[in-house]
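One chain, subunit A, links the two complexes that follow: it is found with subunit B in the first and with subunit C in the second.
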Partner chain A sequence: MREKKRWNLMPYVWLLPSIALISVFVVFPIAIVFKLSFSEISKAGVVGEFIGLRNYTEAVNLPAFKTVMANTFWWVISVVGLSTLFGFAIALVLNEKFAGRKIARSILIFPWATSLVIQASVWNYIIKYEYGSLNSVLLNLGIIREAINWRSTYQIEFVWECACGIFVTVPFVAFCVLSGLQSIDRSLYESATVDGAGFLSKLIHITLPLVRPALSVSTVLNIIYVFNSFPIIFTMTKGAPANKTDTMITFLYMLSFYDRKKGPAIALSVIGFLILCLCAGIYMVTVMRKEDAA
Partner chain B sequence: MKKWIATLLAAAMATTSLAGAAVSASADDPIELDVIICQYGPNTSDWFLGDGMGGSSFVEKFEEANPDIKLNLDVVSWNDVYTEVDTRIANDNAPDILNIDVFANYANEGLLLPVKDYCPEELYSDFFPSFIEQSVIDDTVWAVPDLASARALFYNADIFEEVGIEPPTTWAELEDACQAIIDYYDGEIYPWGIDMTTDEGQAAFAYYTWGNGGGFVDEDGEWALNSDENVEAINFALGLIENGYTNPNPATQTRYDLQDMFAAGKLAMVIAPNQLPTYVADKEGAINIATAGIPANEGKTGSSVGVMDRIMAFKDDSAPDQDARNEAIGRFLSFFYDPENYVGWVSMEGFLPAVNSAVESLVAEDPSFEAWLDVLGSCQFYPTAKAEWDQVKQGVIAAEQNALTGASIETELDALQEQIAG
Partner chain C sequence: MNSSSGRRGNLISLIFIMVGLALTVLVMALPAYTFTASVYTKKSSNTFVGDEKYTQVLSEVEEIAEGYRAQGMDVEISENVTERTNSKGEKTSLVAFSISESFKKSILSFICSALPSGTVLGVMLVLMASSLLLSLLGFFGSRNETGRSLKRRPAVLRTIASLCLLISTLLVPVFVLMNNYLFWRKVSLFTGDLITEGRDVFFAKLDGFLFGGKMGEGIGDALKNLNMSFHPIVFLMILTLAVAGIASIQLRYGAIKKKLLRVLLYAFVAVVCVITLYPYYVMLITAFRSNAETLDMYFLHLLPTKWRWSNLSDIVSRGVPRFLLNSLMIAGGATLLAMLCGIPAAYAMARMNFKGKKFFLGFVIMSQMFSPVVLLIGISQLMNALHLNDTILGLVFINAAFNQAFAIWLLRGTFVAIPSEMEQAAKIDGCGTIGSLVRVLLPMAAPGIVTTLIFVFINAWNEYTISTVLISTASNRPITVGITQFSSFNMIEWQYLFAASLLATIPVVALFMVIEKHLTSGLTSGGVKG
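Coming up: the complex of A and B.
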């Protein structure tokens, strides 16, 4: 009896250091941010008295709020969605046996392993109008006659930012899916082939259901990473013109440290946190329910 | 093996705690000052902390001359300094001495010490009075200038000679010059540089509105953001962009992008600080640079834009001896502004000085300084002493950027004025 009890305790003892670390470095700061979001905060950062929801109403009524929320929505949907699609396709290719597969796999990791600020700066240089490498390559190949302004409107700039986001996110998805693919028993495909299944039906009936856990993990993590991603947008446009390319994270940074509206900025970060919890929660619940049902 | 590691760890821990004890035992003696200095360039850290000050550092030399004061000096990049200072204030751990551009928020919230409390009289009278005036709120001086820079029009003399034009002094001449450059080079060279980015769009606002008799404030010092002069001035700037006289993406091309284009001979004219020649000299290729005043509207006087940074001291109610602390801060300033140290500092980064005593040696070193000092005497500064400056600065940038995407600048500035002063 005694022996059994001690064994039950052990996992918690082992978890204790992580719990302590998470409490100190994650839970505690989050609690502070929640508390701050209901307090008056001066321009220099001095914390004042409790003011209820005033920071929240101020944040929601900011003129740029709607644009920024819409941008954030499109940013997350397009980057997570498309990088999942491309990452999945690339993983399928890399799972096949071909000469140079190892090299291809190592090259794939580069965009993900490079710092985002460097990535975004490199993209800036590529699409630069004056001396951009994209223009000079196209000019030298004779595809275009004169340089094109690749950043002529803010909508296009936002598309570039999404493209850069997709580029750096694809490797992560590809590697998650690849690890899922490698765990699939080859004999399943062999028997499906014997039964006369084609590529598509093998993909739909074998591959997809079996890599779903890997895809779920990568999607949930990506929603969180991409939503919170700061460097790409801050390096490429800083939200210009007039917050039209900002997402929530860059916007609240600008709000806090450029506009010095610290209260609304903190309220926004709480709103962002809650949105993320909600998204991740809904996703996890549906995926888990499906997995249970399956 | 494990035992070894354990012993090593234990030994390390023991030494650390001993070192800690040693520090706390002797901490009573010297006064410690936390100092934050902004990173002006690659040499800043070297000068303050490395060996950039003649094989030694500012901190070493200062502590040698003032053994009873210990400096905890950090050099922080401009990108991080606001975050760092705000976080420290929020945690009740403000620096003792801070070098930064803005001061009004700190002063208005009662965080700063008045300059008179710590600045020695002799040093105080050495500052250019027009600079000191920029740091006054409610008749109290809250910060001292550490250095300044002045803006002027720089043009590529080779291009001007080739096209056969003179540097423009009025807006009409500017448009003519732009058209002439466009015609001559078939659009290959941008005649005029405009930066309406989130970094420095407020400077563009100043260049054009000050050149049209407008500006951020009226004669009484009240916000006048939507004045007719301002609307006309910004519309003029937007017209230059629309006519294709400028760099193509003014909302995202920063002054550094413009300076790079200028250095590469791709841009004919740019308004930039006095350090531009040094900046261009560091790049490849050689262009002939000449300077002129910033063009103004017909019948209006152009005005140079001065940019000034400051040094300020924060209150610290926990300091046991306030007088001793104030005196220590004063000694820091005296040492910093001592021509022997200060001249090296200012000229190292190519800035303009804030004290009279430095002028003589600077002019002796580089005669071109004299012309800049004249410019500095006549230039206008941003109204940074006003409490709303942060919002105004971001507000005019947003107004310009909205106007770039098709909004009416008049409506934008009306809304901003209403928000700030209404």
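Coming up: the complex of A and C.
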């Protein structure tokens, strides 16, 4: 209790380096982005005077805006949704005891550890029409008779991008859920088996409620990571043709560094930032509630 | 299982078996394939439909067709008109007549044709039929018994039946491979004169199967336009397999349930592992192939024909060691900085009580939300102002800042899990707060600290987006940006791209495996406990 009076300064000194680092390199850029979004910016990046919301209206009125927002929506929903589904299934299996489980876990960690640019480059090669590995393997196995154009339309290319996104996201979900599963008391299942519960009712009444915290943390984090994901789309299509496969993040990058339309790009940054704030808010509530419960 | 449900189970199996047998007979007898081959083509230039030349050629073609009909072939004449306007503005027309024969073949005739895929199909069907017959025998052997006390002989019969079925199911992919690869690829390679060895024997077999030996020497040309279409009957075959499978499982379900689930589990794990490893396999073999081989769709080998280690020395001369060194400096520096700032903060969060603790936690978690991409423009402005643009130091700061949240998150979880009594004892013994942190807590928290360290390192090593924007000097590029120099719009040097990727991937995958065990517990629970 004597320490109570000595609180006032010491903890803050301990926090200072961290706060300084985050403030300068995260918070300060946020402030810059906000300020710039209301200013006129030339193509070379010279900041002009205050122009109110003109950057925002310009951004919203860009011809590609609607497509890009829809793409972003589908990108996040499909990648997060399907990778959660697959990740959950894989975690359930990895939670069983079987020979080679350690090896399987190690293999599954590969996509998580690999840089997204490298992942995307490899998939880019795999699905090439003329000489891609997938066609070559299928032809040589005799499963197909002629090479298939795996990326004939931009919709299909976008599906491939989502598939690649799912591929790299599944391990994260699987390991989060696995950590939740491993904390479940085995005796719960045993007594449920005695009571005559089948696989499905055990899943619904025991597993799901108990891994829900782990699942919700991984889902919200995933929404944020996937929304922010840049390298897959940038490497595989660069948003081509005509922004048809862009998500918000790649779109604002192209806008700002290729098309030199800094004004609308910055306005889009702020819009993206606000969307993320919303997700972050939900996340905070989830985490805090869990903290209170613990 | 009581006796009545046992009997009902047996009855259902019987029905399935009968249906399966009936389907098998049907599948064997009905025509399954339709082949269309053009046996004769005649092109006539400067011919318009309906003119004099047209009628003349048509009658010639019909005469030939009659000849074929006299041999007992079912032929049809079709014509294909190509009209073009030439450079002088005149219309030209080319009429191509072809006589084609279409014929239906049943699976039975395919089996009798002595073609390799037919043999496989035959073995498959025989196994399937015998499986069904054995099941039937097993059924009658145990008709008057309850499911519980099957006699040994019927049980053995049923096990053999299941085995037969399993083998015949496993033959399905073999058949598909044989049919597509050994049949169609071979046909196209033979007709394209790409294979000369064994040519005559192969053609003679095909001639016998398709045309009943009528084509003779002309078989090579006839095959050039060969087409095949399946009848829905082939799907019946798949249905038969399914029915037989159900019958067999139904009979032995109680006994094999556990093993069956085990097999399914391993199959699932195997599929997941194969899909996961596939890109790495592609990366590995492509990294050691020649440029010509990377662009060859008909590359038939699982491994490079000749391992080109020179690819590695080529990328060394193109700056890859420099990129790797840069990545090492960026990731190492960022890790050091993140830990130097993160450990005190995590310590304060775990061990001290103060106003605004929740606020700070929120602040940290919020900073984790924002990928640098959204803030790219702000960051590049900031870097300009600090004169850190295009420097490795700038990337060190950015990576450290954006990994701060995760570092504090993981470290705090580790610290909280360690009881504080030891530190208090150390303090009583005369250590200050810093002393007790360094001498007592840090050694005890070593596994958690190593986990955090490696995690931050990997994140910084794999970072790509910020680096592409901030770094313009080639010699300052980290490896993730460096590898993109091997892919330009008109040419991608895949072998170099993947060789460099391989070098960039191996160390982080190895590091990740080290921390895998600790990471799972730290990710979701560690950060929020306490």
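Definition applied: the second predicted complex is superposed on the first by the 265 of 294 C-alpha atoms of A that agree within 3 Å, B and C clash if a C-alpha of one lies under 4 Å from a C-alpha of the other, contacts with A are read in each partner's own complex, and residues count from 1 in each chain.
Just so we're on the same page, a contact is a pair of C-beta atoms (placed from the backbone, for glycine too) under 8 Å apart; a residue touches a chain by one contact, two chains touch by 3 or more.
Note that the coordinates shown come from a computational prediction; the quantities given were computed from them, not determined experimentally.
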{"item": "Subunit B versus subunit C as contact partner of A:202, first or second or both or neither", "value": "neither"}
{"item": "Subunit B versus subunit C as contact partner of A:54, first or second or both or neither", "value": "neither"}
{"item": "Contacts of A:212 with subunit B and subunit C, given as first, second, both or neither", "value": "neither"}
{"item": "First, second, both or neither for A:154, with subunit B first and subunit C second", "value": "first"}
{"item": "If touched residues of subunit A are counted for subunit B and for subunit C, the larger one", "value": "C"}
{"item": "Partner chain(s) touched by A:280 [first = subunit B, second = subunit C, both, neither]", "value": "second"}
{"item": "Partner chain(s) touched by A:130 [first = subunit B, second = subunit C, both, neither]", "value": "both"}
{"item": "Contacts of A:106 with subunit B and subunit C, given as first, second, both or neither", "value": "second"}
{"item": "Touched partner set for A:117, first subunit B, second subunit C, both or neither", "value": "second"}
{"item": "Overlap of the subunit B and subunit C footprints on subunit A, listed as residue numbers", "value": "45, 130-131, 257, 262"}
{"item": "In the complex with subunit A, residue positions of subunit C that touch it", "value": "176-182, 184-185, 262, 265-266, 268-269, 272-273, 275-280, 282-283, 286, 294-300, 337, 340-342, 344-345, 347-348, 352-355, 357-358, 360, 362-371, 373-379, 381-382, 397-398, 400-402, 404-405, 408, 433, 458, 461-462, 464-465, 469, 480, 483-484, 487, 494, 497-498, 501, 504-505, 508-509, 511-513, 516, 519-521, 523-525, 528-530"}
{"item": "Residues of subunit A that touch subunit C when the two form their complex", "value": "7-8, 10-12, 14-15, 17-22, 24-33, 36, 45, 90, 93, 96, 98, 100, 104-119, 121-123, 125-126, 130-133, 135-136, 139-145, 147, 167, 175-176, 178-180, 182-183, 213-214, 217-218, 224-225, 227-231, 249, 252-253, 256-257, 262, 265-266, 269, 272-273, 276-277, 279-280, 283-284, 287-288, 290-291, 294"}
{"item": "Subunit A to subunit B touching residues, read off their complex", "value": "41-47, 129-131, 149, 151-154, 157, 236-244, 254, 257-260, 262"}
{"item": "Subunit A-facing residues of subunit B, complex", "value": "82-83, 86-87, 89-90, 105-106, 108-109, 111, 196-199, 248-249, 251-252, 261, 264, 266, 390-391, 394, 397-399, 401-402, 404-405"}
